[in-house]
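Multiple structures are listed underneath, in structure tokens.
In what follows, chain A forms one complex with chain B and a second complex with chain C.
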Partner chain A sequence: MSKEKWYIILAGLIIGVIASVLVLLGNPANMGFCIACFIRDTAGSLGLHKAAAVQYVRPEIIGIVLGSFLLSLAKKEFSPRGGSSPMTRLILGFFAMIGCLMFLGCPFRMILRLAGGDLNAILGLVGFAAGIGCGILYLKRGYSLKRTYRLPASEGAAFPATTVALLVILLAVPSLLIFSEAGAGPGAKHAAVWISLLAGLIVGALAQRTRLCMVGGIRDAILFKEFKLLLGFVAIFLAALVTNLILTATTDGTYFKLAFEGQAVAHMDGLWNALGMLLVGFACVLLGGCPLRQLVLAGEGNSDSAITVIGLLLGAAFAHNFGLASSAKGPTDAGKIAVIIGLVIVIIIGECNIRSNRKKG
Partner chain B sequence: MIYIATFFSHFGAMHCKKLCDQAGMPARMMPVPRKLSSSCGTCVRIEAPDAEMIPRTEETEQIALEQADGYRILYSYF
Partner chain C sequence: MTKLDACGLSCPEPVIMISQAMKSGDSEYEIKVDNRVSRENVTRYAEHQGYTVSVTESDREFTLKITK
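So, the complex of A and B:
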């Protein structure tokens, strides 16, 4: 096996252990990391939505962006670029978040839910893989968000700088932010700020070096029979699973429970778990990467990915302001309609894009 | 000689592969090697007698020569 594959497996193992330990240190169950949930919590803390249960500026998000930013600078890979269909990316990011909040987690959390024994995530994984398959059909038919262009360094640094500003506000003027009260819900559960930040920095740096991407992993496996990126997520699953089993055996808490019922921050509607993640997989293939990858690329100076993250943030705010997000009770009717609209819009984007490319070609 | 051409999009790689096929140059699409880029897109591995024969479009980001110890960049947009 190549050295690169070993690096990816090692990175996945480290990330899996970190994710489980974050739960031990205060994060919600099976949510050591969840890019969608953490962006949603951050949106709430900034007052972009009023769901009292999910409001907290998650330092993990800041850490991932800055970990990628600092390492890409050190390795001379910081590359300010953008101009590749920004509005389309914003819309795709928006609906990817709608899909995530139907399922209650991003692809990263889907793996962590599986590692915690949450069998509902299997339905999510099936839908996610099907969504990636749909996206690949569009890639093969000539879908493209067009090329990127070189941008000034200030443009590439703007998003990492914004996360620094958010960190300064969190540490120095937290009164500007809104926080879920103790016992109010997942937003009130978190590890200490510096631990979350450190975990984010490590994961951001590792993901930058290895290019970890859940969408890219399944996409490359289908398109090229190349399993390198997928190995990273298998490693995350195995490391989180083993750590969860050890924690369950050695502490008072339950970190692994093999069941559909009684899972934390999850519901049991299999159809909508699958359809939510189908939307995520589909939209993310058209975007070129999963939400984790978008954060990492934004840290590397890619303003298209930064716009996508803004789309995710907007999607989270809308999802909670208009009752689209699921809860432990299940999906809402409004959420189901939003996922169907999302699938239709992603198809329309794909078809219009291919037609415009054919006209040009 | 073996060359690796990277692109701004998967579509760019597909287009290049098609042009290589038409020109009779053996080419196959694959994930971009990590040593060449931190992007995780699609590249085309091309067997060509000369780098000048590799089709360049506005989607071409990089062309590199494959060597025993890695790659030598011959062209890069960035």
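So, the complex of A and C:
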């Protein structure tokens, strides 16, 4: 096996252990990391939505962006660029978040939910793979978000600088932010700021180095029979699973429970778990990467990915302002309608893109 | 020799570009990319298909010569 495959396996193992340990240190169950949930919590903390249960500026998000930013600078891979269909990306990011909040997790958390024994995530995985398959059909038909262009360093640094500003506010003037009160819900559960930040920095740096991407893993395996990224995916699952089993055996807490019922921050509506993740897989193939990868690319200076993250943030705010997000009770009718609208819009984006590309020849 | 320009394109597009070009059965290709991820991915794909890849870099652009 090649050196780069060993690297991504090692990185995946480290990330999986970190994710489980974050739960031990205070994060919600099966949510050592969840890019969608953490962006949603951050949106709430900034007052972009008023769901009292999910409001906290998650330092993991800041850490991932900065970990990628710092390592890309050190490795001379910091590359300010953008201009590749930004508005399309914003809309795809928006609906990817709608899909994530139907399922209650991004692809990263889907793996962590599986590693915690949450069988509902299997339905999510089935939908996710089907969505990636849909996206691949469009890639094969000539879907393209077109070329990016080099931009000034200040443009590439703007997003990482924004996350630094958010960190300064969190540490120095937290009174500006809104925080879920103890016992109010997942937003109130978190590890200490410095631990979360450090975990984010490590994961951001490892993901930058290995190009880890949950969508890319399945996409490349189907499209090119290339399994490198998928190995990272599997390594995270195995490491988190083993760590969860060890923690369950050695502590008072339960970190692994093989069941559909009684899973934390999850619901049991299999159809909508699958359809939510189908929308995520589909939209993310058209975006070129999963939410984690978008954060990492934004850290590397990619403005298009930064816009995508803003789309995710907007999607999270809308999802909670308009009752689209699921809860432990299950999906909402408004959420189901939003996922169907999302699927229709992603298809329209794909079809229009292919037609305009064909016209240009 | 088939020449391709994948500068500015993000993965997987450069790999799709080379994979579709390889259907022609040519024994020599040249593809330009402008980021390391694309360089790594196109190289890996071409090597899996039994090609040899040599890379030259100038002004942050990589030219990959792919030969059988």
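Everything below uses one rule, namely that the second predicted complex is superposed on the first by the 361 of 361 C-alpha atoms of A that agree within 3 Å, B and C clash if a C-alpha of one lies under 4 Å from a C-alpha of the other, contacts with A are read in each partner's own complex, and residues count from 1 in each chain.
The working rule: a contact is a pair of C-beta atoms (placed from the backbone, for glycine too) under 8 Å apart; a residue touches a chain by one contact, two chains touch by 3 or more.
Please read all numbers here as calculations on a predicted model, not as lab measurements.
Trainee: Check whether A:159 is in contact with chain B, with chain C, with both or with neither, and answer first, second, both or neither.
Mentor: Touch partners of A:159: none, neither chain B nor chain C.
Trainee: Once chain A of both complexes is superposed, is A:220 in touch with chain B (first), chain C (second), both, or neither?
Mentor: In the superposition, A:220 contacts both chain B and chain C.
Trainee: Let me test your reading of the model: by the given contact rule, A:208 touches which partner, first (chain B), second (chain C), both or neither?
Mentor: Touch status of A:208: first partner only.
Trainee: With both structures superposed, pick whichever of chain B and chain C touches the larger number of chain A residues.
Mentor: Answer, by number of touched residues of chain A: B.
Trainee: From the superposed pair, tell me which chain A residues show up as contacts to chain B and also as contacts to chain C.
Mentor: In chain A, positions 4, 77, 79, 81, 84, 139-140, 144-148, 150, 211, 216, 220, 223-224, 226, 228, 288 sit in both the chain B and chain C interfaces.
Trainee: Report the residues of chain A in contact with chain C in the complex, numbered from low to high.
Mentor: Residues of chain A touching chain C: 4, 77, 79, 81, 84, 139-140, 144-150, 211, 216, 219-220, 223-226, 228, 288.
Trainee: Under the stated contact criterion, what part of chain C meets chain A in this complex?
Mentor: Contact set of chain C toward chain A: 7-13, 15-16, 19, 35-37, 40-41, 44-45, 48, 60.
Trainee: Considering only the defined contacts, which chain A positions touch chain B in the complex?
Mentor: Listed in rising order, the residues of chain A that touch chain B are 4, 72, 77, 79, 81, 84, 139-140, 142-148, 150, 208, 210-211, 213, 216, 220, 223-224, 226, 228-229, 288-289, 293, 300, 357, 361.
Trainee: Along chain B, where are the residues that touch chain A in the complex?
Mentor: The touching residues are 8-12, 14-15, 29-31, 34, 38-42, 58-59, 61, 77-78.
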